[in-house]
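What follows is a set of notes on a single structure, which appears directly below.
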Amino acid sequence: MRDLDNKDLRGRSLLRFASPQVFYPVAGLLAPWFAGIAAVLTVIGLYIGFFVAPTDFQQGEVYRVIFIHVPAAWMSMLVYLVMAFWSAVGLVMNTRLSFMMARALAPTGAIFCFIALWTGALWGKPTWGTYWVWDARLTSQLLLLFLYLGYMALTEAIEDARRADRAGAIIALVGAINVPIIYFSVQWWNTLHQGASVSITKAPTMATTMLMGMLIMAIAAWAYTIAVAFWRVRPIILERERHTDWVGAELERLGSR
Amino acid sequence: MLAATDLACLKGDRLLFRALGLVLDAGRMLRVAGPNGYGKTSLLRILCGLSQPEHGMVRWRGRDIRAVRDDFHAELLYLGHAPALNDLLTPLENLRFALHAGGDAVPEADCVAALERIGLGDQLDLPARVLSQGQRRRVGLARLFVAGSRPLWVLDEPFTALDVAAVADLAATLEAHCVAGGIVVLTTHQDAPFASAPDVLDLAELAC
Amino acid sequence: MLAATDLACLKGDRLLFRALGLVLDAGRMLRVAGPNGYGKTSLLRILCGLSQPEHGMVRWRGRDIRAVRDDFHAELLYLGHAPALNDLLTPLENLRFALHAGGDAVPEADCVAALERIGLGDQLDLPARVLSQGQRRRVGLARLFVAGSRPLWVLDEPFTALDVAAVADLAATLEAHCVAGGIVVLTTHQDAPFASAPDVLDLAELAC
Amino acid sequence: MQWESWSAFWDMGGAAVFVWGSYGVTAACIVAELMLVFRRRSETARRLSRLRRAAPSGRPAPGVSEESVR
Amino acid sequence: MSGAGSAFAAVLRRDLTLAWRGRADVLVTLAFFVVVVCLFPFGVGAETNQLRAIGPGVLWVAALLSTLLSLHRLFAQDHADGTLEQLLLSPEPAALWVTAKIVAHWIVTGLPLVVVAPGLALLFDVERDALGVLTVSLALGTPILALIGAIGAALTLGLRGGGVLLALLVLPLYVPVLIFGAGAVDAVLGGMGASAHLLLLGGGLLGAVALAPFACAAALRIAVE
Amino acid sequence: MSGAGSAFAAVLRRDLTLAWRGRADVLVTLAFFVVVVCLFPFGVGAETNQLRAIGPGVLWVAALLSTLLSLHRLFAQDHADGTLEQLLLSPEPAALWVTAKIVAHWIVTGLPLVVVAPGLALLFDVERDALGVLTVSLALGTPILALIGAIGAALTLGLRGGGVLLALLVLPLYVPVLIFGAGAVDAVLGGMGASAHLLLLGGGLLGAVALAPFACAAALRIAVE
């Protein structure tokens, strides 16, 4: 069985990276760099957020939650789309690595989703006077969390990895079709009693520093997601390819360290 | 007509077999042998296309079965461990459904004849729930007596729970099918009373 | 010790047997024979007290089993068609549970030994769901190798799905149990390799 | 610089609970995630090496030829 | 061979026979619906105004829950006894007989709800004008629920805790249906006309009919592997 | 023989192991509870005052439904694989291990609900004072639900459509629990103190513990015959 590696993926094309064997070391190499970028940008972003950006004249200091709230919310939506993308690629092209990527991304997406909800709830208390309202945006974020949890619960519940991959891919795609539907339906449902809408406007200079901080934090979140996904996909690859020779060699290398 | 090349089957951490190849032409009967847990059922399911091998390929009339799935299935009859019996339906209804759903439109009279042939004449109107173990198996096997048009039979332990007379009858039927140009792949731990011993593929020899 | 008098079993409209009597003393083995659907399973379940006969009575050590249910069950080991296996638990956990729930406190080591004895040494840590058909049956049969204290074994087709080696081993175990003064009641359609043929109760002769 | 003193910084204009509650939980989530990721990595390596040692390289394929079954 | 459609007809006929044979089943999904609806006043108190306000919503939620509850049986039996395996070995397209199963399921569990819903709405003192829209919205919405739910049922087939895992998977997907369905009734009560909501539900139904059977068939192939 | 109690311990340990093994299960009943609660606002609209009024009732109804939903699995697996037969052939009193099964089931499905309920109540903006009573009422009420439900589960075992037939059987019995449970919270909110309600729930629990296991054991004997 050691000799069951797919020989047909040895070509020089880009598809080469779709081979777990090729991708494994690449991921190991790149992950620390992305982690480093994430760390540096977070420090810069937080510095801007706490020490450069001014106090908001309406909300006071609470608004500083924005520097994690918004990047987390963006990331949570983006990650789901990326997962769905990889799932589709996996189903259509039958590449094992894409399923693995999708599964490696899911927990991070769910965590960002939770962070967005949590920070939003804490932000809501001083600004709206309550932790939760059934506002359209909040609600669709909550449903997104359920989609993530459903995906993870399903893939965990199926023990055979290949089955789990494909089943997860189906639910990720069905969910992705539904995300926009959910978003608009929720908005429609709750336009009448839209909760307090908050404007964060002040002098333009301040808006720019704030925007800067937010964007830098958003990029940091991107880099963090990529790093963690790479780190997480590596053991998954080992697990799946454990019968091949190269994994044997890799395990010996890990063991001797 | 049925050929498998270089099959490998991995279950969890256990590699059941690898580099398994076989070629079966019209008129052959193959008995897959081996102790419990050596992968007979797993092999049969791979041959039917119900599960995917870790490596290798199954061909029917020279074409990959994944590519010609529907055509292949139109020529295949698989009976597994589970009898595919609904407990609320009668044997007759169960058989008729199995045939129609498989795309064979068989007249009612033929279904009744097949069931009577296999010894369920008295149980035609009972719900399958109350049948005895052996009677349940027989309902599934009744398909062998109507689906004459399908050349490839894949049977997982067809003799289980049958009484002595039924075992002999079934063995004769399988041999007749091969004589008529069909192919039979089966597993069994019992010594079935075949007139001429079938080919044997012993998984114990292949085990990794 | 086990005696049945004048048993009758009615299923729906069908009277399977009547006026069935039997007496089994220590050291006897009884094979209940008969074609499919003649009431072997039904008889066994009546003997265990799992279902009630239409007529007649079963006695254990001279007392009606309905009156001394708990004492009777403490001396009885019944293995039916269903293997009493939870798919999520490992064979070891399944066996330990079956023993403890039955009131036998058996040390872990004995359970492991029994499972290794019956050929599941490599499957101790797998969930039962992934076991092969024969391996599933073996988990249930492993109880025979620990519950030495129970004199009465009632086994419904214990040889089903077992490979040839396991069948021979099991047959030897059953005979050893009888030699040690136990009682075995079993059904089977296969020719089991017993050294001395057991008593036979043929339901075909009794059929109404 | 926005803050008169460190205590003012920690007080966040009275919204300390909310701001630090957000940042704290976020940090906790990230730390927990990283810990889980790395633990999973070492566990996988250990488990797989154990498996490989238990079942060293399989016998060479017995090479069932097509004829052996025909 | 009798051409495509033989499997569709065979499955549809069989599933309806089965429902009829296990007659209690039909009554019982319905009964669940009725009981859930009747339970609410006990939970939230029996004030008429409040009940009238929440009436259509409660009916819709109850319809959704009873659809959900009956779903795990859609493929479970066939999976356990090996019928599913046989169906997947049929030469006919899987999406076809999957559709037949869903249609049969809806006829047995969805249709009765649609029929009794107006009656129950009267218990909550919902206005007469809204009853028609309530019925139409349920008639359009419950098939969508069945179609989406079938995907979930196929995905969770044979998994322990499947019944409730199923709930987790499909409930987020059910929310839009619920919003438009209950929204349609509210819109009528608010004097706005429900045609937009109903059109959206109709569109959703078409989309679900077109896509769900394929997703479901793919999921079933995975489940038996 | 290790004396009475061996079966109790064995069953309890096994069922908890099983729950842990199928870990998703524990989370997933909980998830169902959460999802049902969150669904309500979509059905009835998101007006804060209205939600606050129906909040405790909705939580109780949701707890009841998720208990119900998880119940059909209480004996089903053991029945299908023959374990139940073996347990009934055990020389130890059946009521004993039946109790063990119910206790394990409540620990796995009921306890988590009790723990998260206060958090969910916040989504409905329920007042702080009422949270404690809500939790206590659920802690007393959900075991009653499990005990009564177990009888239903045993009675409907192996029947087609059992899951929903079960619902039909036990829901009427659940109504009093629901009334006192939700009533306790309302009483606090109305400033009346909830001790009377809670005492009644406690009495109900004692009664159920004393009687249900025997009924359940008898029903199981019938089911396997």
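Note that the chains take the letters A, B, C, D, E and F in the order they are written out, and that residue 1 is the start of every chain.
Throughout what follows, a contact is a pair of C-beta atoms (placed from the backbone, for glycine too) under 8 Å apart; a residue touches a chain by one contact, two chains touch by 3 or more.
These figures come from a predicted structure and were not determined experimentally.
Visitor: Which number of steps is the smallest that gets you from chain D over to chain F via touching chains?
Guide: Shortest path length, in steps: 2.
Visitor: Is the contact between chain E and chain F built from the same residue numbers on each copy (over half shared) or from different ones (under half shared)?
Guide: Mostly the same residues form this interface, as more than half of the numbers used are common to both chains.
Visitor: Among the chain pairs here, which one is joined by the most contacts?
Guide: Maximum number of inter-chain contact pairs occurs for E-F.
Visitor: Averaging only over C-alpha atoms, locate the centres of chain B and chain D and give their separation in whole Å.
Guide: One centre to the other, that is 46 Å.
Visitor: So how far apart, in whole Å, are chain D and chain E when each is placed at the average of its C-alpha atoms?
Guide: Each chain reduced to its C-alpha mean, chain D and chain E end up 40 Å apart.
Visitor: Could you grab the centroid distance between chain E and chain F? Build each centroid from C-alpha atoms only and quote it in angstrom.
Guide: Result: the chain centres lie 25 Å from each other.
Visitor: Can you list every residue of chain C that touches 2 or more other chains, as numbers and ranges?
Guide: Where chain C meets two or more other chains at a single residue, that happens at 81, 87-88, 127.
Visitor: Going through chain D residue by residue, note those that touch at least 2 other chains and give them in order.
Guide: 51, 58
Visitor: What are the residues of chain A that contact at least two other chains?
Guide: As it turns out, chain A has residues touching two or more other chains at 1, 146, 149, 153, 157, 162, 189, 242.
Visitor: Give every residue of chain E touching chain F within the complex, in rising order.
Guide: Touch residues, chain E against chain F: 22, 24-25, 28-29, 31-32, 35-36, 39-40, 42-45, 50, 53-54, 56-58, 60-61, 64-66, 69-70, 72-73, 77, 80, 159-161, 163-165, 167-168, 171-172, 174-175, 178-179, 182, 186.
Visitor: How about chain A: which of its residues touch chain F in the complex?
Guide: By the definition above, chain A touches chain F via 130-135, 139, 142, 146, 149, 153, 156-157, 189-190, 193.
Visitor: Applying the document's contact rule, which stretches of chain B touch chain E when the two form their complex?
Guide: Contact set of chain B toward chain E: 48-52, 70-71, 73-74, 76, 78, 80-89, 93, 97-98, 100-105.
Visitor: In the complex of these two chains, what residues of chain E are touching chain A?
Guide: Against chain A, the touching part of chain E is residues 148, 151-152, 155-156, 159-162, 165, 168-169, 171-173, 175-176, 179-180, 183, 204, 211, 215, 218-219, 222-223, 225.
Visitor: Chain A touches which residues of chain D in the complex?
Guide: 1-3, 9, 12-15, 17-19, 21-23, 25-26, 29-30, 33-34, 37-38, 40-41, 43-45, 48-49, 51-52, 57-58
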